[in-house]
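Right after this note come the structures.
One chain, subunit A, appears in both complexes that follow, with subunit B as partner in the first and subunit C in the second.
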Partner chain A sequence: MAVDRRMIGVFGVAFVLRLLLICLFPSLPDLLTGRVEVSTPVNSFKRLQEGLYLYTRNVSPYDGGVFHQAPLLLPLFSLLPDIHSNPVPTAIFYFIVDLVNAYALVTISESGQSIQSRLHSAVRKHIQWDGVSVAAWFLFNPFTIATCLARSTSVFTTSGILFAVSNAVGGNSVNAMLALGFASYLSLYPALLFIPLVLVCYDRHLQYSNKSSKAVGYVLQHAAILAASVVGLLALSYLITGNFWEFISATYGFHLLVPDLTPNVGLWWYFFIEMFDSFREFFIGVFWLHLASYVGGLTARLRRQPLFVIASLLGVFAIFKPYPSISDASLYFAMLPLYRHLFPLMRYTFFAVSAILYSSLLGPAFYHLWIYAGSGNANFFYAITLVWSLGLSILLADSIFSALHDEWEQDHPDEQGVEVKQV
Partner chain B sequence: MTAAIRNLRENPRFLFTRLPNILSFLCIVVGVAWLLLLPLDDNSRRTYISENALLPGQVHAYFTGSEQNIFRGYKQELQALLNEGRETENQETEVEVTPAASNKVHSILQAAGLKVATQKYEYTSAGITHQGENIYGIIHAPRGDATEAIVLVAAWKTADDELNLKGVTLALTLARYFKRWSLWSKDIIFLFTPDSKTGTQAWVDAYHDLHPESVQPLPLKSGALQGAVVIEYPFEHHFQKLHIVYDGVNGQLPNLDLFNTAVAIAGGQMGIGANLQEMWEHNDSYEARLQTMMRGMTKQGLGYATGAHSSFMPYHIDAITLQPKGEGWEDEMALGRTIESMCRSLNNLLEHLHQSFFFYLLMHSNRFVSIGTYLPSAMLIAGNFTIMAIALWMRTGYYPESKPDTPTGEKSKSEKPTKTGAKKIEKETKMNETALPERLMALPLTLVTGLHLLGLVPLWTFNNIFHQYFTTATYIFVVVDIVLPLFLAALLSNGLGVSKPIIPQQYLLIKSFALLLLGLALSTLATLNFSLSFMIGLLCAPLSFIGRLQGPAALRYGVSSLGLVLLNLLSPPMVLLGVCWYTGVSVESVLTQAAFGWDVWGMWTQVVVWCVWWPAWLIGCVQLGSSIF
Partner chain C sequence: MTTFGFLSLLLALAVTLWSPNAFASSDYHEQLFLQPLPQSSLLASFNFRSNTSQQAFDNQHFRYFPRALGQILQHAHTKELHLRFTTGRWDAESWGPRPWGGSKEGGTGVELWAWIDAPDDDEAFGKWIALTQSLSGLFCASLNFVDSTRTTRPVVSFEPTGDHQDVDELHLLHGTLPGEVVCTENLTPFLKLLPCKGKAGISTLFDGHKLFDAAWQSMSVDMRPICTSDGDCIVQIEQTIDMVLDVERSKRPRSNPIPRPLANELLACDTSKPYNSEDTCFPLEKGADAAWSISEVFGRTLTGVCPLTGSDGSQEHSVCLRVPHEKQVFITEGSTEIKKEDGFTRCFDLAPAQPFDLSIPEQTIDIPVPGEEPILYAERTIVGHGQERGGMRIIFGNPSNTTAVDFILFESLPWFLRPYIHTLQATITGRDGIPTDIAASDLVTSTFYRPAIDRERGTQLEIALSVPAASTVTLTYDFEKAILRYTEYPPDANRGFNVAPAVIRILNGENSAPVYIRSTSLLLPLPTPDFSMPYNVIILTSTVIALAFGTVFNILVRRVVSVDEAAALGAQSLKGRLLGKLVAIRDRFRSKTTKVE
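On to the complex of A and B.
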């Protein structure tokens, strides 16, 4: 079992690295928790603490308007020991969540669906990484480590999404829908992944089983499962909070209407600060419509590779979500190595990676100049978030380009290798 | 002309090897020239007061006459107490503040009607313990609501470690004098610290509740601090000019309005000239301006605290030190009036100083350049590394592709008669090309990341060992810097059984990544600390142009050995030794100061040296060293 030993090695080293970081730099988790790049109003661990405090004292956690996360997190975190006197168990809990996410990635990678699915078969099959390498890219990504140390609650959404995908490619479509329901319940936006995910399940179903089923029926059936899982979770939440509409408006209303304009790495906050109030509703509608429109377009154009649609959508979310953080980018970066066979076709990796590196250094520097040194202003930081989004967009566009190129080569075996140039 | 350009465009050797070198070199030359052009009249601007509320020198200063008698009285009392302490301990050279004297300060402030409190603190750095006790008193503003405050600081020891008796006495006299005025709309805090290095830091940290455990919290606080002025007067005779010190920790500067106010009041209202950057004779010529600017840049680049005012800067509190210098006919009353007038100006402020510049280089007391004018020079130097990195990346993508091209061409030429055969071969080569030549990035990425992380070792060492070992540690690092690159180069070239021998493409990739990171770090740094970025950029400039040499063995050995020797002269520890030798300061004291800065002031010059400069330098040496093996 050489492979397993490698996996245990990678997972063990990732765990020890995180443990070392919190032991050597005990102030690091709190520092990261306070960074706007990592913690947004919807995933901040500090805000979770506030909600938890109110919850354990039998006050509605949404009183005070600080806490905006799903109520089911509260009983979970109230089981963990007090964070101030004993921070290590919580940290280890987060480490384990990271490892579990990495395990889901291993499953996705080893299913081979990213290379060969029902309608698609990549041209460069020999260029690929095995599951452990993909997991290593995820576990040793500095963005993932920062998210994990900052104890951001996005990791649970990440778990939901990764498990939905890993179950879908494994053929377990019911579990996939349940996991997606969990992710959507936590953060709302994963619900947009339903269509590509159900296509992954459907393709997989046709590929491996002899029973053929009608597409419409299949989709409706799975939509019902998803809806049932969300309703179940909402019902549980109702049992916990007691006031249904209060929690709906404090969580999903907060996601949809974007009332908190704390700076983050996304594009919404600055735009809505500048906006006149009378146009606000209209532009919120436009922004959400823009975000949702990618689902239809990408799914239709890349019908043959629904798993790639999911990966690209995760990249789109990391750029255009209302409250994005580096954890969303880390999820996108986790999915990219599954498409190792596309890397030779990508043209602007160096520039995209440089832009992302530049912005991840300059972002904190400009934020410092704005907030602490007082010698800069909000435009400094916003300019860098634009560069960050630009870097991610280049990467995204480039990867979609190479996926399309790959499809084209598959259709035209004669023309392989034409016009492929690395810059 | 167009033909020549087309020729050049189609010449890969020019495009990927020559052009980037020329561009990089141009960037460096233009960057340096840009800096040298700054002192010209066309590029620099006259200073001006942006914040209208300041109204410097528009009020009459009343601090005269009878206040001088009180000054003399306080001075006599303090002098007596200091002498007493010195006689009992038999210490002639070391200036140490006696508890009796600080008790006296306490009682004088209390007698003047101020609320007084004390704060004890202790710092340990490089095995040396610094401890002391701050005394401070607060005048509550008769017209304010205690939401804003101005700080006047008098340290018992000046930034040059002289006894600041007259400065402390002046602050006491001013405290008594200010207390009687009814026009203050901001609280005034008088802070007396034992020295200029630690006291204000402990106090201002505790004021914002960010103090370490060894520092006591403050029992008494006021509102948000708007500005701070440090008073020094470390001699008995009258003075001629005021020297204004404004550099903060990590190269942060106070708002230019504060500096301008001081210059305007000293020069315009009081008729005392103002100096800066220890330029006692400044004739406003190009050379003098350039020298002033260079001195400012050196201080900014090294990032150490230049006086008691420096500790305020990280908290966004603008602060300066006023030092009387020279022999003349201005007495302590003139300094007192200057400070009174400054306090009146600060008292006028309606909001925090924000109008004027925070990033500037001063070249005369009334001439400066702002960030928009000077930033391109550091950015060009940082940009040269990025250009080189991109060029190297493109080159690694280009060469492997062009290699299979030539044999294909020959083949098709020889088999031209049979057209079908040629087509077949063409198809085959195309199929092969689908397996695109990919860059082997695992080793370069690991090496570059690893070496940058290795920088943490010297960083930790130089900040944590005891001060008596600093000199030895520096020499050890000189040796390490000679041996380590050669060892790494040998390891990479031959593998030594550990790994596969490295191919030329990977050398280029290593250099590309290293330069990319260097450019990245330096351009970020340029926005925070321009001077440091500029200095490191210049010291690293050769790294753009060195690489693995090719050619006959004898030539390679000779050139690369010579290059390594030259490069070693530019290594961080060698530069440190060289600068210490040139300025006559001991290595130990510099490093003790640096470790102190790291532990107490939060200075991060070392991080830049060990985690940006050193790894980049090391990789340059490895490149050059690899041509030997």
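On to the complex of A and C.
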């Protein structure tokens, strides 16, 4: 019961902290909604409001350049009271989504799959955080709080991914696929998590059940479930919008072709502002291919730790997806503490953390210099996004290295603590 | 109920007086109307109108109707055309209502709208593009830049002024170029459309230097078919130029255009001021209206009359002046003055083929020319700071104490300005000056909104709303400024982008002539990238990506070994083996040399 009480405490404090923030600073949500680091064209709450306004007046929100989010969000948000006269219910709805996400993290952590799975057993099992600490790390992360207060719709994608993972490690593979289908339906890119996720389910399945099943059949079966859930959601969306291709091109087409170059923390926007017109399509293809290429490599090399592959891929997405925001980084940072036992093996933690802190503090300042003060130009903010991406990629590479180191130590029990090298 | 400026009434009256002749098969009229406005301004309103029968038009038998324009219209299946070239701002606060009720005026830059006969929207757009391309060549204007992003299809803001029969389906298309600089190169083709081509009649007064130096000027070309009830149709083309000249400024000789301060002894000072002294002067307002003459303000005299006017025998005075009858007006010998009964208008019969000048000496007459207040004042500005987002604020003032004004606000916004219509808010201020927030839906009776699509079409917003008597309504909405690809910025990107003026159509009953108001155009600064470094950006971003990908790839493909093992492996690697071979060869050479010795 003690653990439960701790969990209630953490969740309660997280809730009250958010409530206090919106009560003490009523303009904070709108301020954060307007920040480019938090709101991108595909998750902005203001754009959702505009889409909702058009939707409730029977104008197609997809016949315009503003709204690019999934259609199912429209009826969901039209149930909530008007944001101008009564902003608190919407805010509380978002707080609850955050707590639910944290609960999924607790489940993932307590399943112990990050430490001990079918093919892998971590060497430093004693160094780990319990579920509540992991949840606290997520709930009190300023990036998570900012995302939650800004009412960014990325939190629903986060929910989808976290629930997919928590169901997978809990052995409920069908629910995992349904949740992943929901996340993919909202933001497209989570579909790339399918292979590592199905491996998590498969390992879990072999570990705990006596029935053995063919790997290919298992994967195909789950791919069918995923496809069915996405098709089901698309069919529902079609019922809502009435024009299939219009919303497909306004949402997924928008994700894929990146027509809106509003600044964000990622690498795409400035690159495609400055790209020569004749090469634009080519480089969009290259960027997407690059993003997808991590899936195969990581899954093959880290076959023994599919959950770690998921965590690393979330880091890859936070750096390289077309419209990243700090909510993607917060999801990656939420997954990292599951691998607390790898921290002693990491080599460049100080450098990575410094780069991330440096860019998160200087980013808003340089953006201000460019957009408002006029004393800087676009390169200021661009440089900061480069540092941010660099910091995250150092962290990513370092964690992958330490995971491999951990696997090596498991294979060579007699050489634990020996310095290693890659040849 | 509707208050009409006397000026517009008179002009409207003139149109109705002419209309019986309108059904003659072919005729031509021109008229110049001059009216001094407050603040030593002079409104000069030129009107040229010619008719041709529909049959002659269809057979390409052009007499007064310009052939160049006629063939373009036939090619593009355009049934009704309105083209406007405007510069400057009409100062409604001091000048009162606009000439022609604003119906012959355009927004700053070039504005074009036309009714095109086509079976469907796509075909109509194709013809519209053909029309804009051809007009672009004809008028030396950048009308070819009216593409899909600058074209809208207004639903309620414009109605055809002509009578349209025997057409399948008419499509209204509207395009604006708010950044177009209207100048002499547009005037020359405009004059060429006239039957007398600026060689005789009132069109001889046009001088690019004076016309485009005016505080406000608007050139318009309107083409429409007019039909009688028995099915006789004529095609009418009407060209107007309205301009407001600053008399003082226009009188400056071209040889010495820079104004110089008056000498001290010529200054009229208010000696009642306590600080009035040798070196301090409070200028005394002139009681008398400034003297002016046509030759001074237009830089030339009027040459005769166009011999084609009134070819059907109707008598029309081609020059009219609106000043009190008490005022002294000198005219060139040979012309006659006819004073109208209203006490303020006089017209002149000009002697053919003789220069005509008209001059008004400086005189003090305290009879104000009756004028009306405009029905509505409108003003539109961009609020907010920074290059990320902003707000649009539109202020409507209803000067009437008794009647509400119903009107339609039409905005066509470029796609890179992304309005958030859900933020539309209204504030109403009464005569007491206390603003009250009200729901926008209380004022707005209907809305037509077509959101923009990036790089495809602009926003089209039409709002029908009503401003109560004696109050001022402020509408605001937020917008976001898009950041563009670097090739999409114009050469001077930091100047900003022009946003087309809003068009306000005042609904004043079914039968009266339409009244339009246009706000000024706006300048929208967008965030700009650094134009000098596309290569650097491509290189730097690619470096970061390569660094991340390279590191991860390296880690994934390489084998993990302990440091000791790595040293041992080093000996077996290619490099180690090569080194070993080198050493062996060296040793062999050494041993050979020792043998020889």
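Everything below uses one rule, namely that the second predicted complex is superposed on the first by the 419 of 423 C-alpha atoms of A that agree within 3 Å, B and C clash if a C-alpha of one lies under 4 Å from a C-alpha of the other, contacts with A are read in each partner's own complex, and residues count from 1 in each chain.
Basically, contacts are C-beta pairs under 8 Å (C-beta built on N, C-alpha and C of every residue); 3 or more make two chains touch, one makes a residue touch a chain.
Since the model is a prediction, treat every value here as computed from it, not as a measurement.
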For A:Gln207, using the defined touch cut-off, is the partner it touches subunit B, subunit C, both, or neither? Pick first, second, both or neither. neither
Please work out whether A:Gly64 is in contact with subunit B alone, subunit C alone, both, or neither, and reply first, second, both or neither. second
Given the touch rule stated above, what does A:Ser121 touch, subunit B (first), subunit C (second), both, or neither? neither
Which one hits more subunit A residues, subunit B or subunit C? C
So in the superposed three-chain picture, is A:Gly34 touching just subunit B, just subunit C, both, or none of them (first/second/both/neither)? second
Is A:Phe366 in contact with subunit B, with subunit C, with both, or with neither (first, second, both, neither)? first
Going through subunit A, the residues touched by subunit B and also by subunit C turn out to be 372, 418, 420-423
Quick one: in the complex, what on subunit B touches subunit A? 252, 314, 316, 352, 354, 358-359, 386, 390, 393-394, 397, 401, 430-431, 433-438, 516-517, 520-521, 523-524, 527-528
Parts of subunit A lying in touch with subunit C, wherever the complex brings them together: 34, 36, 46, 49-50, 52-54, 59, 63-66, 259-263, 267, 269-277, 290, 293-294, 297-298, 301, 319-320, 370-372, 377-379, 382, 386, 389-390, 393-394, 396-397, 400-401, 404-405, 407-408, 412, 415, 418-423
Residue ranges of subunit C in contact with subunit A within the complex: 385-389, 415, 418, 420-422, 449-455, 482-487, 527-530, 533-534, 537-538, 540-541, 544-545, 547-549, 551-564, 566, 569, 573
Okay, in this complex, where on subunit A does subunit B touch? 123-124, 126-127, 343-345, 350, 354, 357-358, 361-362, 365-366, 368-369, 372-375, 409, 416-418, 420-423
